[in-house]
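Given below, in the form of structure tokens, are the structures.
In what follows, chain A forms one complex with chain B and a second complex with chain C.
Up next, the complex of A and B:
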């Protein structure tokens, strides 16, 4: 059994979180609040140490009227956000929102079109129908599966005849996809449990290899 | 038949705590049995290592973005440790950064561990740039300039005083970018940086997010993938076979527990469905 006090604290808190599986209780509530408080505090300190102080406050104090004068612009935008909380100036925050949205959308729309749409379409179209039978079958499933799944979302015409068959096939493709995702979710959660039990049995109690 | 339907009705209303106990026992038992499981590396894991081997032959350092916190450590930590051994045992240099505040402290610990094992020198063999905010802009911007987004490293040292960073001006100066992440950051890397700037990119993700990345493997936007704990176990197996790791790590140690737990859950799904259909007949 471990003699490290940090291991003991972690083990007791782990048991506290596990106690929720029986029913909600005060021990779990303490652990929950501890996580929220610690996370928020840690996040604030990291932001302060890595971003606010060295990247904004320090340069402004040292050279705010010189080469770092441009940093007053983000400070001004921060104040525009804060205007939301004062009745007379509350509409001013829209300027900050507009600034933020324009930059964010300007960056994300073209990059998403390139990386998420065009590259994927090109990848599907160019899937080669040659090689071993397994490769041909795999690429055929890719091309047809993508087409059927897209047809499922085509609502401009009533799903009848060939379109109905294709959209039904699309439903199956989507269901297989959801099934794969769900099984990966279970796998992921099981690994988290494994990690905690390994910690309890090996690091804390020392009874498992 | 009536007996079956009564049993089915009881099963449908089964206390969920019974399921919890069953899964707990299924996960716990393998730790006490002298049975060892091994993972067979899948294609995406082999691709990951092949791309990394290619990068290790370059003089340029590797950029590793680590984005996971304590909540997913069980799945991500074995993956990262295997990767760190792979990089530092080959004597290669690496630059680290994170876009998650809670990842900073674990990264410092991992790197301190590697420093003592491989006798590394900070600033020359590796650098930790620390936490970076505004991930989208930083990922995009690093393609043009490091110094515009990072003025100092995690220890507060200006970048121009770090020997390793002397020849690193943009992502063109690193051999490969690797993202070990428990969130959607690999997708953001692909969107904001890999596609516009064009460089080799590898990712390790939780199993939850893994399915999202297979299409990117097919298009070549992603050169290799470690998919969750399974991917980590496969990578550990691969590195043990290559003599990089002395023995399997925590991901492989969990394989037995994972297998038994999955069979238990599969059993519950089958029993639950049978009970549901029997019960539905009774309702009619």
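Up next, the complex of A and C:
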């Protein structure tokens, strides 16, 4: 059995979370609220140390009237954002939100178009139809499967005749994908469970090899 | 008049900056790239500030809960205490490996979060039991695909059943990729349309004032 107090605390917290399998109880609620508080504190310190201080406060303190003077603009935007919490000025917050959203949304359009649409179409239509029989079959499945699955999401025309057959084949392709993803989710959770049980039986109690 | 400007200005900012960020992607000239770089530099601390505000928001909610002695207010003391303690050790002792801050992350946050995710194994298994029933052709395909991929990932099975690893690899490489690609193309087209509608002001939900 471990003599490390940290291992004991971690083991007690692990048991506290597992106690939820019986029912929602005070032990679990303590662990739940503890992790919310600790995670919030962790994020606060991490964002302060890695983002807010080195990228805004430090450059402004060192060179706020020189080449980094433009950083007073984000200070102003931060103030506008904080206006949300004052009743009389809360409308100003929309300006900061507009700035923040416009950068993300404007950047997302070409990025999605390049990586999410054009690259995927290029990857699909350029799949080579040569090589071993398995590769040829696989690439045919890839080309037709992507097309059929896309047709399943095409709602501008009623799915009848050829379109109905293609969209049904599309659902089958999607089901194969969902099955593969679901099996990965199940196994990843089971691996985590095995990890926690190993921690309890090996690291804490010392009864497993 | 003043109210109308206050209402419309954010939409104007959104349109001008949003279209600029869209167009700059295709113009690699310094005249366009320099302001782009500057705006990205402004956005980083703003992201940090928003996270800090969100954390202050969590603290405010719990302080209010304690002040009003709402239901389960005692747990809020734990949340606030843990938050304050974590912030204190982070600033007082540093955040490097081997400090109290990193030890608390390793022995307090990680075990709780890992155990919470591992709890999902029970609920996912129960969901799988309900989902994996061959009631229709689609459900049967889901069942077969998931079973093959899952079995192939278990060493004892993949070593003893011939071809299962190859079939699993085929599923993951071809039909799974086809499904993922179709979904990704659909999601991207949807995201582009939402972004464009928001930038040019057709969709105004994100910048609405008090839900009006």
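Rule of thumb we're sticking to: the second predicted complex is superposed on the first by the 209 of 209 C-alpha atoms of A that agree within 3 Å, B and C clash if a C-alpha of one lies under 4 Å from a C-alpha of the other, contacts with A are read in each partner's own complex, and residues count from 1 in each chain.
Everything below uses one rule, namely that a contact is a pair of C-beta atoms (placed from the backbone, for glycine too) under 8 Å apart; a residue touches a chain by one contact, two chains touch by 3 or more.
Keep in mind that this is a model prediction, so the values were computed, not measured.
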| item | value |
| --- | --- |
| Chain B versus chain C as contact partner of A:193, first or second or both or neither | both |
| Touching partner for A:136 - first (chain B), second (chain C), both, neither | neither |
| Touched partner set for A:83, first chain B, second chain C, both or neither | neither |
| Partner chain in contact with A:169 - chain B first, chain C second, else both or neither | neither |
| Partner chain(s) touched by A:29 [first = chain B, second = chain C, both, neither] | second |
| Touched partner set for A:95, first chain B, second chain C, both or neither | second |
| Chain B versus chain C as contact partner of A:208, first or second or both or neither | first |
| Chain B versus chain C as contact partner of A:71, first or second or both or neither | second |
| Chain A residues touched - chain C or chain B, whichever exceeds | C |
| Touching both chain C and chain B, counted on chain A across the two superposed complexes | 21, 39, 42-43, 46-47, 51, 55, 103, 107-108, 111-112, 115-116, 120, 123, 142, 177, 180-181, 184-187, 190, 192-193, 195-196 |
| Parts of chain B lying in touch with chain A, wherever the complex brings them together | 17, 20, 23-24, 27-28, 31-32, 71-75, 77, 101-102, 104-105, 130-133, 136-137, 140, 151-152, 154, 156, 190-192, 194-196, 206-208, 210-211, 215, 218-221, 227-230, 250, 253-254, 257-258, 261-262, 265 |
| Interfacial residue positions of chain A with respect to chain B in the complex | 21-22, 39, 42-43, 46-47, 50-51, 54-55, 103-104, 107-108, 111-112, 114-116, 119-120, 122-123, 127, 142, 177, 180-181, 184-188, 190-198, 201-202, 207-209 |
| List of chain A residues in touch with chain C within their complex | 6-7, 9-11, 13-14, 16-18, 20-21, 29-49, 51-52, 55-56, 70-71, 73-74, 77-78, 81-82, 91-92, 94-103, 105-113, 115-117, 120-121, 123-124, 134, 138-139, 141-146, 149-150, 152-153, 170-187, 189-190, 192-193, 195-196, 199 |
| Chain A contact footprint on chain C (complex, rising order) | 6-7, 9-11, 13-22, 25-26, 38-53, 55, 58-59, 72, 75-76, 78-87, 90-91, 95, 101, 103-122, 124-125, 128, 131, 137-139, 141-147, 149-150, 153, 170-189, 191-192, 195-196, 198-199, 206-207, 209 |
